[in-house]
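Letters A, B, C and D name the chains as they come in the text, with residue numbers starting at 1 for each one.
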């Protein structure tokens, strides 16, 4: 027993606050937009150059000039604005986006994040991920707890980093972790277990050291 | 207003400004807002050894994909590539060099290049491969990496509308990298879907002032490609 | 769309965010595009010891001139000042500190501050008083001086039109410093001549996206001042 | 005998080329716009945030939202575009403006320029002058040859500089000088005399060393 992809997205959606500006990565993070609580005003940013991103268009209404950062056709909303890519990342780098939710290959107990390259494999590039994790106020990683049994929550990332000490929260199919960065050292805390998952299950599949704060 | 900036077709618009081993910028994000007609003309010119600064590298047979196919590109400066087989092949066998740059750093480098700023600091990439060999400096307790401005011999730009002075506007997310690249080319060549007389665009709506634009070619009704067609059901 | 960003008047819009010794940015160039109603409300608040970043300092009785008169400003960061007697008086007797910054460096510092860039290099001011005590570095054979990004506790902005999401457009040269300042305020308060519903402004025409705007006050039909009325004869 | 202000402006106008983008300072430089040759397309930049600046408005048609960098009411043209001050100086600093014509207090034989402050006197600030002289491709100074008899063309500027080695040409009421920056050292050349002015007149009123290249 563990959370489904939809449940992980639903859990991530609990971190939204009214009035937030949010950037969602591809994959599970995209699903978060389906769980925005009724009445809550959230504006989605698409880093190619759009704020106020709407849902996919109806069939036949696709516009080649209107895509998101994942190159998918999307729609505009009454609140939408368009701007250049430089202006888009000025917004991101400048700390004006409240929340970034994205996937990862590895997260370390010191809040390091790796999600862009595997040495020896074809590298496609980091896209906007490095800018997002460096610039956005709060970074939430949503990912499977392990890669086919191999821990993804590690003592140290062994893949090249996307960002150093950038993660604020990790939501996996098994648990939710928060990073406390207040003190000298970063502390990783287990704050929630997925339905039917035990602390022992998490301990058995997690390399990173964490404090239990359920 | 004279027609001094207006060229009859893409081939003519690129005449005399292309040479081997030059640096080109090419606007667009994925296949959205790419200067496709100008890219085709670059292919026809046969110019080789190009360094191309572009966020992506097109797909097989479309956009910069055609210049990869014809092996005219030796270096790509991009944030995300490899949507096409040709790219992967040339990259893996060493025919193509790739400089991976974080997207926001790339677009800011281009803006800086156009704005006369040789270098700036950003926290993007600190502690990663991207920062290797670059100066890292602490401001107010936080580390930042120094990145350089970028310019190009020629910038290829796609705009929705231009007036004959070269004032440009863009449509929706087809804006993306086009405005900064227009400022960073020593010579900027623009393909436009709509060409109008000066005064027909509200001066408060102009995104790129004409000073940045040297050559314009009118490409009415271009074919626009959708890379990932995503829809929702009507219910 | 809720009205969460809309405030009934300038006084309310500034409530809880003003404090002594804070840093304010104030848009405008000369008297063009200044947030005059918000400045009046700052005066009424009685807050003191302000550092004000603004290209100019108003004239006697108008714009920042009123905050000089009331001695609420201790430091001005500007490129050109002294259009008013109050300013000259306070400056010469040492009551007012002035940091002179080249206009283009100032606007770029504000843009950088809003864009998360702590420092950048420019050739402006190399070899002058402006570069004293700052790092000068050679790039490609030319010297450049390092300048720092600027932010403010509160940015006061004048816009022509806003929708309730805070998307802004400006009119003619009243744009000037307002867009960058909107991005560089920890809290940005905007006075607008026209307030409309989301969707009423073409999203391709928006100059400042709503994410930068925390508070909006509608000031219909503001009195606009002309500093130097120049005309030509009809013939 | 020497050139009038109008004649100085007229002489400066000879440096215009078709298609040029030009920034004119206040005073005599502003008058240059009256002498743009018929049929020549020149766009005037106003550094507050406008390209394609038109003439003063007709009385009664002044618009408080439409001023130039000297805070004077102006008009727009069909070619006009508006932009922010940061975008305006990106244009200037980035070398996209062909020509800047401005006034000066002092110019030195090494092409240094001083035009913004007199120590001990009320300082109003440099405005955009430092950016213009550093960034614009060609800088022409138009000024009186002397300040009531005191030379303004000097061996070294003794007023605080606006820019170092930035001047390309000086047009005074008595003569025209060009700066040759090709070699190791900057060379100041006298290339033209005003009507009725002799070389001796110029030599007598100029402290700077110059080569005669009439």
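The rule is short, and it goes like this: contacts are C-beta pairs under 8 Å (C-beta built on N, C-alpha and C of every residue); 3 or more make two chains touch, one makes a residue touch a chain.
If you're wondering where the values come from, they're calculated on a predicted model, not measured in any experiment.
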item: Chains contacting each of chain C and chain D, listed by label; value: B
item: Distance between chain centroids, defined by C-alpha means - chain B, chain D (Å); value: 35
item: Centre-of-Cα separation between chain C and chain B, whole angstrom; value: 33
item: Chain centre separation (chain A, chain D; CA means) in Å; value: 54
item: Shared interface positions of chain C, touching two or more other chains; value: 108, 111, 115-117, 122-123, 170-172, 175, 203-204
item: Junction residues of chain A, two or more chains touched; value: 76, 82-83, 89-90, 92-93, 135
item: Chain contact topology (line, ring, star, complete or other); value: other
item: Chain C residues within the chain A interface of the complex; value: 1-2, 4, 111, 113-117, 163, 165, 167, 183, 197-199, 203-204, 206, 209-212
item: Interface residues, chain C side, partner chain D - complex; value: 29-33, 55, 78-82, 88, 91-92, 98, 100, 102-105, 107-108, 110-111, 122-130, 160, 170-180, 207, 224-234
item: Complex contacts: residues of chain A adjacent to chain B; value: 46-50, 55-59, 61-74, 76, 82-86, 88-90, 92-93, 112, 117, 122-131, 134-135, 160-165
item: Of chain D, residues touching chain B in the complex; value: 19, 21, 41, 43, 45, 51-52, 76-83, 89-97, 135
item: Touching residues (chain side chain C, partner chain B) in the complex; value: 108, 112, 115-123, 137, 139-140, 142, 144, 148, 169-172, 175, 202-205
